[in-house]
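In the two complexes below, chain A is the common chain; its partner is chain B in one and chain C in the other.
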Partner chain A sequence: MSRAASAQDLRPNRLACILGLCRSFIREFFDQNPLSQLGIAIMRNGLVEKLTDLSGSPEAQVAKLDAGKLGSPAGDASLQNALDLSVSLLRSLPPYGHRELLVVFSALATCDPGNVLDSAKACKANNIRVSVVGVAAEVYVCRRITEETGGTYGVALNETHLEQLLLAHSSPPPATSAQAKAELVRMGFPQRSTEEASSAVFVGLEARLLSGNYTCPRCKARVPELPCECHICGLTLISSPHLARSYHHLFPVPPYHEDSKERAEEAAGVLIRQPAMRDEVPTSTGSYCFGCLREVSQPGAAGQLHLTLRCGRCKQVFCFECDAYVHEQLHNCPGCEFGGT
Partner chain B sequence: MRFNLEGLTVYFPYEYIYPEQYRYMLELKRALDARGHCLLEMPTGTGKTITLLSLITSYQLAHKEVGKLIYCTRTVPEMEKVLAELAELIEYRAKYLGRGPGSNEILALGLSSRKNLCIHPRVAEEGSRESVDAGCRRLTASWVRERAAERVSRGTTEGGEEGGSSGGAVGEIELCDYFEGHERAGVEALLPPGVYTLSDLRDFGRKHGWCPYFLARHMMAFANVVVYNYQYMIDPKVSQMVSRELEKECVVVFDEAHNIDNVCIEALSVNLRKQTLEAAGRNLGKLSNSIRRAREADAARLQAEYNRLVAGLIAQGALRGGEDWLANPALPADVVQETVPGNIRRAEHFMGFLHRFLAFLRDKMASPVVTSQSPQVFLHELQERVQVDAKTLKFCYDRLSSLLKTLEITNTDEFTPIQLVADFATLVGTYAKGFAIIMEPYDERLPQVPDPVLQLSCLDASLAMKPVFSKFQSVVITSGTLSPIDLYPRILNFNPVAIQSFQMTLTRDCLCPVVVTRGADQMPMSTKFEMRGDPGVMRNYGRLLVDLSAVVPDGIVAFFVSYRYMDQIIAKWHDMGILQEIMQHKLIFIETQDVVETTLALDNFRRACDSGRGAVFLSVARGKVAEGIDFDRHYGRAVVMFGVPYQYTLSRILRARLEYLRETFQIKEADYLAFDAVRQAAQCVGRVIRSKADYGMMIFADKRYQRHDKRDKLPQWITRHLKEAHMNLSTDMMVHVAREFLRAMAQPYDRGAVGKSLLSEAALAALDAAGGLDGAGAAGA
Partner chain C sequence: MADAEGDLLVLLLDLALLRPDNPALSAAGAAPTDILAQLLSFTNAYAMLNSHNRLAIFAGQQEMCHLVHLGLGEDANSSADSVFPAGSLHARLSELVARCKQAAVTAPAADAGAAAPSGFALSGGLSRALCLLHRLQHQRGGRPRGRPRVLCVLGSIDAPMQYIPVMNAIFSAQRAEVVLDAVVLASEDSSFLQQAAHLTGGLYFRPAGAAALLGVLLNYFVCDTATRQQLDVTQELGVDFRASCFCHKFVIETGYVCSVCLSIFCQPSRACSTCGTAFTGVAGGTGGGSSARGGS
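Entry: the complex of A and B
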């Protein structure tokens, strides 16, 4: 939000454009990383102002990012102050998480109280990964900081490119060995109560009257949405798909391979040896998709394209639609989840 | 990699080679084969130095008859850089050729003045080059050493009789331990093969107790590669002592040689100021005194000198100790091999002669009007007024050096003024053509302050280059900017066997030259004399810089045509508030004529760029910064050339030189002026690109760049990137272009674009089989 943010080379101007894209970035970010937290700060007048604290709720953050409420851009940007703030905020976080700082930088200079590279060192010491998305041109100090802290640096050519660059940051980077320290975290997987109007109860901290809600497994408090921390006992409450979505970057579903005759025969052998899991779950024989139970073509049939895929681990057959759904949205293989290995 | 270049095995220390480097080698090799001189232009940042070194050392290896490689650089840092690259090359070659004796190991060394090489604890501390030289002579002159040796021998004999009382007397004559160490080692003092930078030489000297300077001078005879300053080759005074013994087969390389004509001219020009003449008068007084003293104490010595002069034994070797200072300022071929004329053989007579000559010069300097004379007119006047003829003048320098040596004077730095006068006299006496004597009673810019300067100005750059071209078999003149390349053979008066300008192959368009002719208000911008004072033009220039500093990250360099114009425009900008506007975006640093101040400014400029604050450096074309400082990477993302940097055309020296060029070489005045201006401009803007990974804007802000006579004098590697759409822009259009360019350049870029701009060993072998990269092109040309 320095003076440079009022330039009009992005329509309508840089600030409006960036704010809009930041809002979609925040939504996308929480969609990809439901367990993560995010806070917003702005650089203006040589200072850095903390807009929101670190939290896990997208809507509260998005609401803050409104051009009208923010005021107008002015003064210089100070990277050093921004880095210092992020260090002080992120330092207290547990070591198993990624600590990241994403700077959307429209200025071409940073006006600092001291040497910005010292702050960059502090970031590095605290394992904070700094990435910068510039909108004007390559600034040496940004390049330097991102290289030092292992982040990425991109400069946007236009609005669409800026969006691409921003959204590329919504999925987390591969875990580094420094952060691989495992630690057990206590979490709760609450049950959702029915959505019937008759079962409406007072829910959450604000005690709103809601019908659908989640009950904390430890203290039985009711919370309105997941993921969150229980307002009574502080337990982290999530659901399994959240976990999967968060961790799919770490444990991706192995890609399915195109089914062939040989693979089908091999798979048939494996599947026969398996005990039938439960009566209601059919093992796919190769003619039905395990995901949607629709009929698919026989593999290896003469004159036909091989339109089926097979999971390398559970040996079940899937159609293309289910493959896309599993890998891009679900991030869990239904065959493997049923213990088909 | 190792590859075959038309039958020559070339060792190149990198895995890939640029196509232009290959072409450069090819051209260079053909020139060496033809035993002729060549003129090669290749943009900076394409690895010119390593290409040169790699080809020539490989050539030396294959053709034993080729002598040393003499590599001339302009500055000491450049010298160090060359040696560092050479070291890398040698390291690489050792992999193929092995080490140890008999494996064609190379001895390469850098040679510089005593100031840079001295390791004597006290002398090395001296400030200027002259005082280090003098300090060294005080300790190492042959008579000093003789006297010390006498003392020592007397001390030991007397010491036996009187018992240690003379111990202190021996200590009074101080000698340099390192020099003595080197002398004692004599011919045994050898450097093992390897590459020696100046600091390596100093370390080696310290370790062995040998003087690095004399060691380097001694080792020059054995070295395969010698790297030194231009002066050592071009300036007759220096090259006489240093480069005389180089064999004819040597390959001489002048790197960064775009200003070689100016170096040549400076080498043969002498400026005398009033202070110089006064000091020379004082020197004469001192000399007379010491002559008188010598006459009383040791008349035989003066007599011996007289006899020697009569016998015509002026040659260096005949003089005691063969000290290597006070060489003749005229070129070797022009030095008359005759006996010194009778009227100055006696020391007293010579003093009288100098007194008269000095009086004449003083008289000339008192004149209130600007005069410009040819040497003949000057000599005629001299003859009429004080009865000094040209022949006597010719010998002035030799006579003076003989006298100084006879009088055993060691503090030569004090006698610089009289040496300058003698320089002047000898040059005037020797050359009738190609010089002008110009007397300016005051500086043009400050007419009210009398500051008379008497200048003996050389007008012909080919004079100083001639001995180099005729002596050495192959002379290579190369630089990043030698355009228009056909002018150089004319002003240096030689016939190259190869003239070639190479282009840079780039994987992306990392140069963006633009010509800005109008301000945002569509008024033309120019530094033409009639327009430069116009506030509108100044404001437009200011707006240009403000707008630019808002869109360009990190460092910007701006060049003005002169210090005077820069001062003027900065004052105006301050009044208009433009400086404050720039300061909102970037810090401002300004080059001044003070070297220390400028160095400090540069240092802080770099810090500002490093820390992301961004900065603008305001500098002057033809200044120190424009010539020697690189603004690579983020230090220079854009460079602005405000105006066309013409020389000060009213200067008498330039007028005289233009006239001479027109008469002798048929070069039109306007052509030469434009050539000189544009090469300076190209030099300035070339500061921002130092490698292919680098990128930068080049902004020519003057409407005159739009004209063809300017534009076609720019080097090809710039004009090739000058798109039609980027010419005749106004400031706002330029800003738009800059924005787009910088965005495009900030995108990640694939460094390993092998194939298009890099050739591997295999690709080269294929090329060689197919008859060379540009076999067809060369045949066509």
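Entry: the complex of A and C
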């Protein structure tokens, strides 16, 4: 939030635009990484202020990112202070976790008390990956820092591009060999209590009276929401959907290939064994998308209305929209779910 | 404005409920013809409620899920007798059931008692339903009144190997704001569908007998989600969110999670059996041979 953030090349000004995009980034980040923690800090007047602590709940973070409460941008940005703050906060985390710092930088220079490259070396020593999304122009020191720590540096051309760059950071980065230390982490899977108002108890560190809560399996303390750490015994508490949300990164869907006559003939031999799921909708071309039942053209036909794609594993036909939907959101190929080869 | 008024429902039907050779049904005292009649009344009632209501019905079992009906409301060019789906639906379902019965008879059974249909392709059915809803919602004038929904009427128990694809389907339904409802006519609760209903804001029912099916369907599932908020819906309590360990499939309350692949184990060991990573710093883990720890 240096004074460069009040420039108006992004509507209505850079700060408002960035805050809005950060809010959607936070929601997307927790959607993709439910077991992770995120904290926010702002650089203003040559200092860095910690806005929120590292926590696993998106709503509290999003609420703090309100332009009215944050005050106005002023002064210079200091990258060294930001790097030092992230080292102190992330240093105490267990070694199997990824540590990342994402900087949204709208100034053109950094105003530091010492040598910023020393702080970058400290980040590298602590396995922190620093990435920068620039809003103004490319700044050499940002490039050096991100290269040294193994992060990425992108400069946005316009608002849409800025959104793309930010959201690209919401999916987990590939792990480097330096982070390959794996551990078995002890975790608890609490049960949810009933929702009846008559069973309300005092829950959590602040002792709020709530009816829907979870019971820690080790010490039987009540916690309000998952994922969290039990405030009494320190056990990490999660529910199985939180883990399952990440399984699609481990078992990705194979890509679909554009259909051709040879592939279609090969597929016909395989699909003969599944007589049940053919000819479900009347079509003029004879083939339809297995996912959304839209009519698709025959492979190799001229003037195709919808691009025809075929899954390499189950040999079913899909349309272009279903391909995008399956690979970006659903992470299941509908055809492969039926015991395809 | 008028074409934004209809509702959008995909029905996933388990053919195990309609097969006369299913021993579980006769044990529960339910006749397949009775269940079929109740389902047909429900589909007719749904189509009658609003001429813009859109309905797709998939019927399936373990290895397949076939589309038996696709009614896209009054605007799509359809003749009068296909607006009420019961007639054509009855014919197609009977034909499918006969085909399945024949396939079960001719296919060599793995063991003597395997004539009964087992399991339902829940992950495949949900995936197809979600792709279809994705297309129908994004058409011009495609947004329904309330939220689009998927209603699963099942007669089988969960298949544990479908856990990951079913959870993927549930999460993308959550993102797309699709409501997943379930009515289960089986001997045990389906924890997959309980979690699906809980995470997407849907309803889960396991009626006491098959005769109660139509009552439940007409009470809760004929109207759209906007109207449902005005009904007094009492939900059964208790969703089991506990995980099961990968090694024994016990349901566990505390477990060990591999930090690389997130698989869950009930006892510490030297290496992860899913991804093969060797663990450092496992304090005194002797993986097996200790007293039985996997528990209820």
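Assume the second predicted complex is superposed on the first by the 228 of 341 C-alpha atoms of A that agree within 3 Å, B and C clash if a C-alpha of one lies under 4 Å from a C-alpha of the other, contacts with A are read in each partner's own complex, and residues count from 1 in each chain.
Rule of thumb we're sticking to: a contact is a pair of C-beta atoms (placed from the backbone, for glycine too) under 8 Å apart; a residue touches a chain by one contact, two chains touch by 3 or more.
Since this is a predicted model, take the numbers as computed values, not measurements.
Chemist: Using the touch definition from the top, say if A:155 reaches chain B (first), chain C (second), both or neither.
Modeler: Touch partner of A:155: chain B, not chain C.
Chemist: Thinking of the overlay built on chain A, is A:9 touched by chain B (first), by chain C (second), by both, or by neither?
Modeler: A:9: touches chain B, not chain C.
Chemist: If you stack the two complexes on chain A, which partner ends up touching A:111: first (chain B), second (chain C), both, or neither?
Modeler: first
Chemist: Pick one for A:292: touches chain B only (first), chain C only (second), both, or neither.
Modeler: second
Chemist: For A:241, using the defined touch cut-off, is the partner it touches chain B, chain C, both, or neither? Pick first, second, both or neither.
Modeler: Touch partner of A:241: chain C, not chain B.
Chemist: On chain A, which partner's contacts cover more residues, chain B's or chain C's?
Modeler: C
Chemist: Shared contact residues on chain A, chain B side and chain C side combined as an intersection?
Modeler: Shared contact residues on chain A: none.
Chemist: Using the touch definition from the top, list the residues of chain C that touch chain A in their complex.
Modeler: Touching chain A from chain C are residues 60, 63-67, 70, 96, 99, 121, 123-124, 127-128, 130-132, 134-136, 138, 162-165, 167-172, 175-176, 195, 199, 237-243, 252-262, 264-265, 268-269, 272, 277-282, 285.
Chemist: Of all residues in chain B, which touch chain A in the complex?
Modeler: 550-554, 584-586, 609-614, 633-634, 637, 739, 742-748
Chemist: So in the complex, which bits of chain A are touching chain C?
Modeler: Checking each residue of chain A against chain C gives 31, 96-97, 180-192, 194-196, 217-218, 235, 239-241, 243-248, 250-251, 274, 276-277, 280-281, 289-294, 321-322, 325-326, 329-334, 337-339.
Chemist: Would you mind writing out the residues of chain A in touch with chain B in their complex?
Modeler: Its residues touching chain B are 3-4, 7, 9, 79, 108-112, 115-117, 134, 136-142, 154-157.
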